[in-house]
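Across the two complexes that follow, chain A remains constant while its partner is chain B and subsequently chain C.
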Partner chain A sequence: MNNAIEIKNLCKNYPAFNLKNVNITLPKGYIMGFIGANGAGKSTTISSLLGLVNTDGGVCLIDGKEMRYMNKAEKAQVGVVLDECNFPEVLNWKQVDKFMKKIYSTWDSESFSDRCKNWGLPEKTIVSKYSKGMKMKLAIAAAMCHGAKLLVLDEATSGLDPVVRSEILDILMEFVQNEEHSVFISSHIISDLEKICDYITFIKNGEIIFTAEKDSLTEKYGILRCSNSDFEAVDKNAVIAYNRNSFAVDALVDRSKISGDYIIDKASVEDIMLYYMKEGKI
Partner chain B sequence: MTGLVYKDLMVMKKTLLIYVIIGAFYGYLDISNGRTGMMFAMLLITSTMIPISAIAYDERCKWDKIVNTAPVSRKEVITAKYLLALVLTAISAVMVFIVYLFKPGMTISENLATVAVMSLMAMVYQAFLLPTIIKFGSEKGRMIMMIILFAPIVLIGVLAKQEIINLSVLSDFLESNSHLLPYITVAVVAVIYLISIMVSVKIYESKDL
Partner chain C sequence: MNIIISNGSNDPIYTQIEQQIKAAIVSGQLKEGDMLPSMRVLAKELHISILTTKRAYEELERGGFIQTVAGKGCFVAPKNLEFVREMHLQELEDALAKAAELAKMCNIPDREVHTMLDMFLKGDLYE
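Coming up: the complex of A and B.
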């Protein structure tokens, strides 16, 4: 069986930024969170995956096929939500429905209307009058109404209030109840992703730092808190990054490489990402 | 692809309505003055400015990103814009035709010939305009278009004046083959239009969206 997403050795060069050998695999039926700071390469990776930009090496496969070589039926199985609502601002959702059903042969008008109504999108208000949350809901409704098996969301929850974000996360959870369905979602709001993701991929300066199951990450890493003198005795191979002040040190460590009696707290995905981005890396 | 044209027409509905109203006013002026210039300007503006505005709208909401993840190819996205331009040319042509029906002393065949010539000229204009806009975007494209539009006219004028090229060869040929002129014109415009579509598709296919 093909993976929902398989990115192999993806490279993309810009004058001031490069994606370097990006490798990501998302099996079907799971949600992967794609995290990283602004400008780390999340959107470039997603644009490459969707065939929106020309790449300088590597392949990006969705269900075993590159997006640009997909036929119409295959393309309809990919639902995309980008960081803003990309529908013409002078139209309302009724009008969006009218032309989308001419673009997608698999478009389900009824389900689209139901979603829009349930999510409180006014029928006659044009998109430019929508709030940010309403715009994102419209984009998500559209992405889910043409028989998509994979949803790709690029920063779809940023700029939204916690209530709407939580609603969107619920929608995504519900979507993957079907084991043929998968979600690839990028965000810098890591706490959101932590709630729903099975896999986490972290990108920094165009390079993948890790891509792993979320549970294995939280099992593997921990936060060691100790005094400065105790820290000297710790195997430095186990330390990924640390914070030091005049009294104590707290460090992100690989639990398996630590021996001895230390206090190691649980590390959240957010902790792991923040430590990886720290200057005090060894 | 019809969905894409339909979407643009929906987006541009209000603008189109305004152009039609202005067109009706221009039509009145043309009829009362016994001229044809205003209607020609109207046709040219409607059939070229609306596709450009449609592209500008697309740029504003980054429509190109989302449409290219939908089941349409880049070739179809571009062809749809040309189709939109042709639909608008047809709408404007019908309007000019209707206005000229009220023009004293103009026969139906004169009317049709005038409308046909105007439409063909509009198509040539579109053929140069659209690839420029697709390459440089609607803002820069408009500026560059002015240069592109006038440069060949000025260049030919200057060269002809300096007697470097002899335009009389061309005019002699056209005069002696005047019965073929309409066919030659249509064929030339069709070829220019097709080349333009091909160039635009090439530009768009290599573009990072």
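Coming up: the complex of A and C.
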């Protein structure tokens, strides 16, 4: 299997929310960013992937296998970091190390203590006295030290300051130096993801709007800036969404469909997402 | 080797990498058989996507500048003489275009420019 994650036609129905035919493929060795507004279905997708909820259709494969049919050793190859650190608050990391050793036969104590020391986690302080950034680092260290080949992070960087976020990105880049390792990270801090992700998947109201290589997205889209009268002449098929004010129009456009001499700025992934959120309000 | 990525540049990042490695090869800073950093290391160091570095290396390989040895890495290919000549021709063209423009601006007759160039080519002016 060459895909770390393969989600096919995933459906999940809740009374007020549905996931509709979600398809995501992440090849091994790469990082995928999973973006979308709050309540768009990011966490539901991740819970389904991890087999934490029953789905109403479709399959979620990790390295070719559904999580709920995996044995212990296979499960150890998946590292999960949720938005909170769920270790007992009264332990310090030495003690966390001790009990994790009992849970995972593949637990690498040495690598865990190295990471904790390198990342500045004090040995004697208990988890409840940690800052949010320290808790997150502890959770990531733990997820990486039981032989995980796939890291799944759900909002792991939200609420952290830029310095810690940047450190975490470094850690993730370090992790994928091994070609067998992959990362699936959901976040709404898109500028973080924009730097390091190879693939971006955007979900809106339970539907995947696009899933593509990041570079191809930034190449495909641009932001057109023109006057109100010029905008009338622009091919509307090329326009995804626009912002109009009394002096000018800004529009997210498909560069390949625009001909003529216009000012087209580079669009960041964040721009693309924001315009897509507006879509339908045209 | 230095690789400087600018976010303000109009060139996509993979082109920026491709051109800087190309320049290093043509200038002789990188020599035949030298090993290039792996795509993953380069991506990590520059904080960019692995797919971006992969694409830059693919373009370089297509241009005949580097060779990939499976399982070992990417190496600078034997210098493609024809390509180096092409690069030099391009440079020459640019320089001559500048000279022609200057001549036109200062109203120097074509004949005089030609003689001047001939003298340069014969090496008279260097003596």
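Heads up, the rule we're going with is that the second predicted complex is superposed on the first by the 277 of 282 C-alpha atoms of A that agree within 3 Å, B and C clash if a C-alpha of one lies under 4 Å from a C-alpha of the other, contacts with A are read in each partner's own complex, and residues count from 1 in each chain.
One rule holds in what follows: a contact is a pair of C-beta atoms (placed from the backbone, for glycine too) under 8 Å apart; a residue touches a chain by one contact, two chains touch by 3 or more.
No experiment lies behind these values; they were computed from the predicted model shown.
Steric overlap between chain B and chain C is absent once the structures are superposed on chain A; the two fit side by side. Once chain A of one complex is fitted onto chain A of the other, the partner contacts of A:S47 are limited to chain B, with no touch recorded for chain C.
Once the two complexes are laid over each other on the shared chain, residue contacts for A:Y104 go to chain B alone; chain C is not touched.
Shared-chain residue A:C11: touches no atom of chain B or chain C.
Considering which of chain B and chain C touches more of chain A, the answer is B.
Of the two partner chains placed by superposition, A:I264 touches none, neither chain B nor chain C.
The angle formed at chain A by the C-alpha centres of chain B and chain C is 150 degrees to the nearest 10.
Within the superposed three-chain model, A:E89 lies in touch with chain B and out of touch with chain C [touch as defined at top]. When the shared chain is aligned, chain B comes close enough to touch A:M67, but chain C does not. By the document's definition of touching, of the two partners only chain B reaches A:V80; chain C does not.
Minimum C-alpha separation, chain B to chain C, in the superposed model: 28 Å.
In the superposition on chain A, the residues of chain A contacted by chain B and by chain C do not overlap at all.
Of all the residues in chain A, the ones that touch chain C in their complex are 29-31, 169-170, 173-174, 176-177, 179, 195-199, 213-215, 218-219. Here chain C touches chain A in the complex through residues 12-14, 40-41, 43-44, 47-52, 55, going by the rule given at the top.
The touching residues of chain B, when paired with chain A in their complex, are 2-4, 6-7, 10-11, 14, 57-58, 60-63, 65-72, 206, 208-209.
Partner chain B is touched in their complex by these residues of chain A: 47, 50-54, 67, 71-73, 75-76, 78, 80, 82, 84-91, 95, 98-105, 127, 152.
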